[in-house]
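There are two complexes below, and they share chain A, which is joined by chain B in the first and by chain C in the second.
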Partner chain A sequence: MKKRGIGFASVFYGTGYGNGFPDISNAIAELGMDGKITIYVGATEVGQGAKTILSQIAAEVFSMSVEEIIFVCEDTSITPDAGTAAASRQTYNTGNAIKIAAENLREEMIDVAIERLGLNSRVGLAVKNGRIFLKTFPEKGISFEEIALLVGDQHLRRTGSFTAQTTQMDEDTGEGAPYWPYTFSVYGIEVEVDTSIGTIEVIRSVCAQDTGRTINPKLVEGQIDGGFAMGLGYAIYEDLNLQKGKIKHNRFTNYLIPTAEDMPEVEKIFIENPESTGPYGAKGIGEPVTLAVAPAILNAIYDAVGIRIKEIPVTPDKLLIALKEKEMEV
Partner chain B sequence: MKLEVVGKSVIRVDGLAKITGKAIYPQDLFMDDMVFGKTLRSKKPHAHVKIDISKAKTIPGVIKILTYKDVPNNHHGVLLKDHEVLCSKKVRAIGDPLAFVIAVTEKIAKRAIEAIEVTYEEIKGVFDPFEAMKEDAPKVHDGSNIIYHYKLRKGDVEAAFEKCHAVVEGEYKTSMVDHAFLQPEAGLAYKDGDSIVVCVATQYPHFDQLEIAEALIMPLEKIKVINTAVGGAFGGREDITMQIHLALAAMLTGKPVKTIYSREESFEAHSKRHPMTMYYKTGANSEGKLMAMKAKIIGDTGAYASWAINVLRKAGVHATGPYEIPNVKIDSYAVYTNNPFAGAMRGFGAAQVPIGHEQQMDMLAEKLAIDPITFRLINCFTVGSKTATGQVLEESIPLQNCIEAVAEAMNFSKKTEGAV
Partner chain C sequence: MKVIQLKVNGGVYKVDIEEDMRLLDVLRDKLRLTGTKEGCGEGECGACTVIMDGVSVNACMVMAFQAEGKEIITIEGIQRKDELHPIQRAFLEEGAVQCGFCTPGMILSAKALLDRNPSPSRKEIREGISGNLCRCTGYNQIITSVEKASQYLRREEEEK
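And then the complex of A and B:
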């Protein structure tokens, strides 16, 4: 028999290393002779979209397109340390460092522009599409390329650094401010349980994701789909079959992860509520998006068949045994 | 503030290279005169070990076989330096690295691995963290197997439970899982003058640089890490796997050295998500307000600490779920066993606890005959809430909006559905 049920789960997730450990990101912004901006930063693109998100933050500072940003993050000898690509911290921490570096560079470029244009102050200036100009008289302006030429071989190059604020917790009571910011995520999931063979299929899924401010909607959607798949695998498939320290399931023929066929359409709702300490209000979402999936599935299984499974993964054999036990109780 | 680039679905800047196959992963790297490395790994979970490389090193085409004797400083680890680069006397988990063979072809390296004689003198292992916590349990390292205990104490939970209208209890268990990233580990290292260059796919190139420099006892600036395209990570590329082996091999042979892990080796080489056992007791008053919560969480970190301390701390802090609870008592422990080591994995301790706290929430809601959405709305964090650690949530706390948005999208009717 096929039975359906729905379940919900809410989570929070504290960004960063936490507990007062210095969580530092460093970045460099440089004006090139071609008027393009190069960002040097040791932040890894692991597939999460860091290169794109962080380029967008730099591009926003100069009101220019992402194509005008050259992003260098691959070589430790030319990039400053920006911490690990983990703890959902790159958008928040490194995004801030890049924003600061880019703003420092922009101010320096404005200084050059003011001198060259013979202006009296910074008031009323705009930076847009590779030019610095007077808003009320746009002809009075200078291109980034011209600024680079004026500065010549010295290269305009500025650094930015950001350190997140957390405190060490009290050893006996745990009191303190261990992480910041917190990101929230809620899932609602409908499952269909086949009680004859013990399988579970997700019929429907909705995710409401707090993003602070969404830097790139498509990339957040991608994170939610990936996070959903990982949560689904955690809840009902993935089993290393560990025996006396030996991983018996060590290939994808027996360590099962969800495939495209197992993935439902995940309905995504972004909840924007800017975080003042985040770059343009953004928070990290890489981990939060996956956390509520498995518990929502477990709650949906209960709603469907009245069985509370307290050990994951809920593989068909486990579910069938639990269904049998429930039948015998009745 | 009018934003021009932020908020737009800009196409991934790394996308074209990846979908056209032009992105360079470490597997794709080749250099003239390049040779191959292969790792010999322990087949036993807990044993004193002796290895004899005399036969293996005479195989034609074998250039050098690295053992612990070749490692200037044989320790590494993200927090505690409890990993050996190559095991010296004892193995603590299946998959622990014992030797690194460098040969002119991969095939010869494989043959040499098989020709190395390993003598194991097995020691009783411990695979259950509860057993490992006992005084007389086999010790995985020198000291106690319990490496961390996080305590959170707020209010008086026992007194509060007595006044609760409804109380639920449960024991929840999560399993050890793998990151299952698509690209297994691979890397290439070479000498550039008196520097060593290591090309790998890693999450944190500057930390790899530091760990390589420390193990080789070389100045930091003489180590350069080139981070290639990375085929997924999810926490599984935070701990060192092959980086030091490759750097040392390049340093001692003067040749570019490449290694590629198979999927099976990848499963053995990198960290896993901590399996946790979580006891929960949660109570609410008749209005549906959470009054007390108690949790005890045991995390199995396997043979090495990796990030266990930070993971169990994060689990402890997040154990309440996103709810205001006036009385809270949480204890979380990180414990060594002879299982594969656990470390960072997406969620980092905050992935396990919702399996407990969210089922507790539904069980309590059912007992109180309140639907699960309303019950969460009654208790969820909002601006001005205090977490169990006493932290004031002073801005950007839109949890209520998230819950309401999901309920609406699911057409959930608070009055008629919910509690079964």
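And then the complex of A and C:
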């Protein structure tokens, strides 16, 4: 018999290293002779979209198109340390460092512009599309390229550093607030359990994700779909079958990950509540989008067949045994 | 040692092979076409998918000698002159690439599907790429890309 049920789960997740551990990102912003801005940063792109989002943050500082930003990352001989691409920390932590470096460079460029244009104040200046100019008199302005020529070989190059606020928990009680900031998310999932063979199919799923501010919707959607697939595998498929320290399921014939046919469509809702300390309000979402999937599926199984499963993955054999036990109790 | 002749991405090649070589080894090690990836090496993950005589195959499961006289298309061969193939373009536009390791195989499976079914439903696309595992994307943006690519290709056909 096929039985359907709906389950919800919510999580909050502290991004960054937390617990008093120093969490520092560094970046460099440089004005090139062609008037383009280069960002040097040790952040690692592993497909999550760090390069895109971090370039967007730099572009926003200068109100220029993202194509005008040259982004150099990962090469440790020329890029400063920005910590690991882990703990969902690159958008918030390294994004902040890049924003600071870019703002420092922008202020330096404004200094050059003020001198060149013979102005007596920073008031009323705008930076846009590769120019610095007076808002009330746009003809009075100077291009980034001209600024680079004026400065010549010295190169305008400024650093930015961001240290996240992390506090150590009380060692005895385990209490405290170790992270800053926290990201929140909720999943609602409907499953169909086939009680004759013990399989579980996800019929419908909705993810509501707090992003602080969504810098790149397509990338956030991609993270949610990817996180859902990992959470789905974690909940019902992926079993390492560890025996005496050896992984017995060491190939894809027995370590099953979701295929395109197992993956449902995921309805996505972004909750935008800007984080005051984040770059343009943004927070990390990479890991949070995975976490609530498994508990929501387990709750949906409970709703469908009235069984609390306490061990994952809920493979058909486990579910059939649980169904049998419940039957015998009655 | 044995010499085989095969056609790859439109070019004819004569290659010295060992008897136990796979098509994957010929492509990567002999012809230096490293866009075809080796994932599991046992036909489960689809990372090494190429098109052989119009059918998608796992290049790790085809022995080199079986490719004698065949026509192979790899990811390096689907670009059109200086332009991306519509499937590649759609993948970029829809964010279908994360780490990128499954991408060449995905694109070739998508091509094999669209070549025989120009207007697949999302369900048919899921089935068509179900032999290609992806750890990052959760597939949905890939499926949207294949849908979009099918529109691009149909529009091209109409304009002809």
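To be clear about the criterion, the second predicted complex is superposed on the first by the 329 of 330 C-alpha atoms of A that agree within 3 Å, B and C clash if a C-alpha of one lies under 4 Å from a C-alpha of the other, contacts with A are read in each partner's own complex, and residues count from 1 in each chain.
Methods note: contacts are C-beta pairs under 8 Å (C-beta built on N, C-alpha and C of every residue); 3 or more make two chains touch, one makes a residue touch a chain.
No experiment lies behind these values; they were computed from the predicted model shown.
By the touch criterion defined above, A:24 reaches neither chain B nor chain C. Which of chain B and chain C touches more residues of chain A: that partner is B.
By the touch criterion defined above, A:266 reaches chain C but does not reach chain B.
In the superposed pair of complexes, A:225 makes contact with chain C only, with no contact to chain B. In the superposition on chain A, A:252 contacts both chain B and chain C. In the superposition on chain A, A:46 makes contact with both chain B and chain C. Contacts of A:134 after superposition on the shared chain: neither chain B nor chain C is touched. Judged by the document's definition of touching, chain A residues 46-47, 49, 218-219, 227, 230, 251-252, 257 lie at the interface with chain B and also at the interface with chain C. Residues 1, 3-14, 45-46, 93-94, 125, 127, 150-154, 170-178, 180, 202-207, 209, 221, 223-235, 237-238, 263-264, 267-268, 272, 310, 313-314, 316-318, 321-322, 330, 337-340, 344, 346-348, 350-351, 354-355, 357-359, 362-363, 372-373, 376, 380-381, 388-391, 393, 395-399, 401-403, 405-407, 409-410, 412, 417, 420 of chain B are the ones that touch chain A when the two sit in their complex.
Those residues of chain C whose C-beta lies close enough to touch chain A in the complex are 40, 42, 44-45, 94-95, 97-100, 122, 125-127, 129-143.
Of all residues in chain A, only 6-14, 17-19, 42, 44-47, 49, 51-52, 55-57, 59-60, 63-66, 71, 73-77, 79, 81-87, 169, 171-182, 184-188, 190, 204, 206-210, 212-219, 227, 230, 233-234, 238-240, 242, 244-247, 250-252, 255, 257, 267, 269, 271, 273-276, 278, 280-283, 286-287, 290-292, 294-296, 298-299, 302-303, 306, 308, 310-313 touch chain B in the complex they form. Residues 46-49, 218-219, 221-222, 224-230, 251-253, 257-261, 263, 265-266 of chain A are the ones touching chain C in the complex.
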